[in-house]
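Consider the two complexes below, in which subunit A is the common component and subunit B and subunit C are the respective partners.
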Partner chain A sequence: MSFDGPFMIQLALGVVALLTALAVVAVREITRMAVALGVFLLSVAGLFLFYGASFLAAAEVFVYVGGVLVLMLFAIMLVQRTDAGRAALESRHDIGSASVAIGLFVMLTVALRGVSNRFQGSPAGSSVPELADVLMGSRLVQYEMAGLLLLVALVAVIVIAGGDEQ
Partner chain B sequence: MTGYVGGLVFGLSGGMVIALAALFGVWWERKVAGRIQMRLGPTEIGPAGVFQALADTIKLLLKEDITPRQADKKLFRVAPFLVFTPIAMSLVVIPFANGWAPLDTSVGMLFYLAVPAVSVIGILIAGFSSGNTYATLGGIRGAAQMISYELPRTLSVLAIAILAGTLAPVEVMARYEWWWFPVSLLGFIVFFISSVAELNRAPFNIPEADSELVAGYFADYSGIRWAIFMMSEYGGIVATSYFGAAIFLGGSQGIGGVLGVLLIFLKAILLITVIIWVGWTFPRFRSDQLLTLAWKVLTPMALVQIVIVGVIIPWL
Partner chain C sequence: MMGVLVSVAVFCIGVYGVLTRRDIVGVLASVEVMLAGAMLALVAIASSADSATGVRPLAESIEAVGLLLLVIAASEAAVGLALLVSVARRRGVTRIDELQEVKG
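== the complex of A and B ==
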């Protein structure tokens, strides 16, 4: 491993991802937290791009930055009063949320340790046609099941949110 | 290392090109709108007033860059760049000549649909950090509108992706055949309408709505930062028109060299002119009409388009 251009880019993206991830947890004001989360997601997309998974990078930007993060900001803006000063919404940083974060981290680490050994070398489906072959071929049932699950969740949300009308 | 220097030079010159395109766009809009309304538009500075926009830019650069006392200062200052950068990046995958795009990637169409969507975050932050109710309302409207129209826009492009069997815009242009246009006409209409909405252009400009929200999310901006908002608007118009011309209208139609560049340029100019024409003709939509159009008209139309293509494909 040498300190050449690709390594420096990788390092820079990794450092940005780590710092913004820390900022998401540590920053008190929730709007700035959302901005830090956006930078974190973009730097992870940059890392995906760097490792050659361009489809995954584009999908990450599309779904997480363009969709999930915008919805989060939308919710923050709807509940935050703008007329009476700044920072109506702040994170309390209590023990409960810290234990949830640490527990999630431990769970993911344990789960991913077992999986990471299986994906040595270049993963299948890093290019678009390969990915399409996997998703629409050998993994078709799982793929459709995930879609069905999301549809059920969507219908459930509509029923819960619009329950009064019936 | 030369690759990085080359990339830097390329990026800087790309920024200059977008700035020039924005200047041209402002002049073209004022001219076209003027002619439609039986006026002349700008005439004084330069031949047919071409340098009017340049003079206005110099005026804008000399204006004071105001930050309101109520604003969240850091976020307020960074928001215009968050709007501009994704739109500038989206120009990178557009095939400006036959078989050539600045970045010829296999996921170009997905890139084009995904990256400009990030500018919604800039709009939300601009609206929110101003500490002004008008601006916040504009930001919320912008986010609701852009999230809604993203869905029909993505679905409409899918039809061409199925026909071409690829997501690379350069490849789509190379494989384009004339009968794709009638087959994907519905998708093109959906793409065009939802792109105009995505750009927050009239008649879909309720996030700005000058007569009720003064200027919406960028009401408190002035000087250079206001100019960056304008540049991203015109940069978005240019990007959308070029992308539409390349994907739905066949771009350069396999003609190489200068003629091909000119052909796709003319198609893009045609689309830009239609965007301006529509904007100066129709009254502004109400926000409920806007969401109804997105969810009840455009999304089903895009789905029908996909079904049409899906039925045709096995018969080829």
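== the complex of A and C ==
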């Protein structure tokens, strides 16, 4: 393992992702959690960029940081009661949950060790025209299903959140 | 190897958050962390070449699969937040342990 430039970039992005993920789980103030989630998603987008998935990185920034995070902030504003500001976030840290998470980490690391040892080349980028060919070719059915899923989700959100106005 | 390790660690941090958080927003944020970890594992493994054969698996369509995962994650977040707003309006509750009616 050589400590060259790409490795250090990957290391830095990975450390930021891990620290901000921990902050999302552990922070008690709701706006700080949203900020931590935003930085976490940006670092994940940076890792996507590092692995050559540049379009996916851009989509992650647009959809998550620009869409889901803003949606989450709107939801927080809508549901916050007058006394909910200070005690809105509570965690119940216990040894059982920690042991489940650590056990899952060990299990997944052992299970994926063979796969990650096998695939170790340097990441190669892909181009947007190739992606368009795939989406409009071999993955056309999945692409249309994704569009249908978004439509159903949109209708469901309107029915669930806006159905009790009268 | 490091990308896979980071993604597994991020996924497990998300699992810990889902198990320990009591507020619905925190649980949803933890689920988003889990989904990001899964996508990261997919991209980290599929972007590298097989050291034995030199073939990159799913190389041409990995971004397409990632985009579809992104759509699923965005839909989940939107529906989850709509449920949060609806429950908070009708019952004034934002904590999951106060929602006892659906308990089996």
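The rule is short, and it goes like this: the second predicted complex is superposed on the first by the 113 of 166 C-alpha atoms of A that agree within 3 Å, B and C clash if a C-alpha of one lies under 4 Å from a C-alpha of the other, contacts with A are read in each partner's own complex, and residues count from 1 in each chain.
Keep in mind that, in the parts below, a residue touches a chain if its C-beta (ideal position, glycine included) is under 8 Å from a C-beta of that chain, and two chains touch if they have at least 3 such contacts.
All of these numbers come straight from a predicted model, not from anything done at the bench.
When the two complexes are overlaid on their common chain A, residue A:L47 makes contact with subunit C while staying clear of subunit B. In the superposition on chain A, A:V100 contacts subunit C only, with no contact to subunit B.
In the superposition on chain A, A:G67 makes contact with both subunit B and subunit C.
Of the two partner chains placed by the overlay, neither subunit B nor subunit C lies in contact with A:V16. When the shared chain is aligned, subunit C comes close enough to touch A:V134, but subunit B does not. When subunit B and subunit C are set side by side, the one touching more residues of subunit A is C. Of the two partner chains, both subunit B and subunit C are touched by A:L78. Look at A:V24: by the touch rule set out above, it reaches subunit C but stays clear of subunit B. After overlaying the two complexes on the shared chain, residue contacts for A:A59 are found with subunit B and with subunit C alike. Of the two partner chains, neither subunit B nor subunit C is touched by A:V39.
Taken together, the two structures place residues 55, 59, 67, 71, 74, 78 of subunit A in contact with subunit B in one case and with subunit C in the other. Put simply, subunit A touches subunit C in their complex at residues 7, 10-11, 14, 17-18, 21-22, 24-25, 30, 33-34, 37, 40-41, 44, 47-48, 51-53, 55-56, 59-60, 63-64, 67-68, 71-72, 74-76, 78-79, 81, 84, 88-94, 96-98, 100-102, 104-105, 108-109, 112-113, 115-124, 126, 130-131, 134-135, 138-139, 142-143, 146, 149-150, 152-154, 156-157, 160-161, 163-164.
Interface residues of subunit B facing subunit A in the complex, by the touch rule stated above, are 1, 3-4, 72, 75, 105-107, 110-111, 113-115, 117-118, 120-121, 124-125, 127-129, 131-133, 136, 139-140, 143-144, 146-147, 150, 167. Within the complex, the subunit A residues that touch subunit B are 5, 31-32, 35, 38, 42, 54-55, 58-59, 61-62, 65-67, 69-71, 73-74, 77-78, 80, 82-83, 86, 127-128. For subunit C in complex with subunit A, the touching residues are 1-6, 8-17, 19-23, 25-26, 28-30, 32-33, 36-37, 39-41, 43-52, 54, 56-57, 59-68, 70-75, 77-79, 81-86, 88-90, 92, 94-95.
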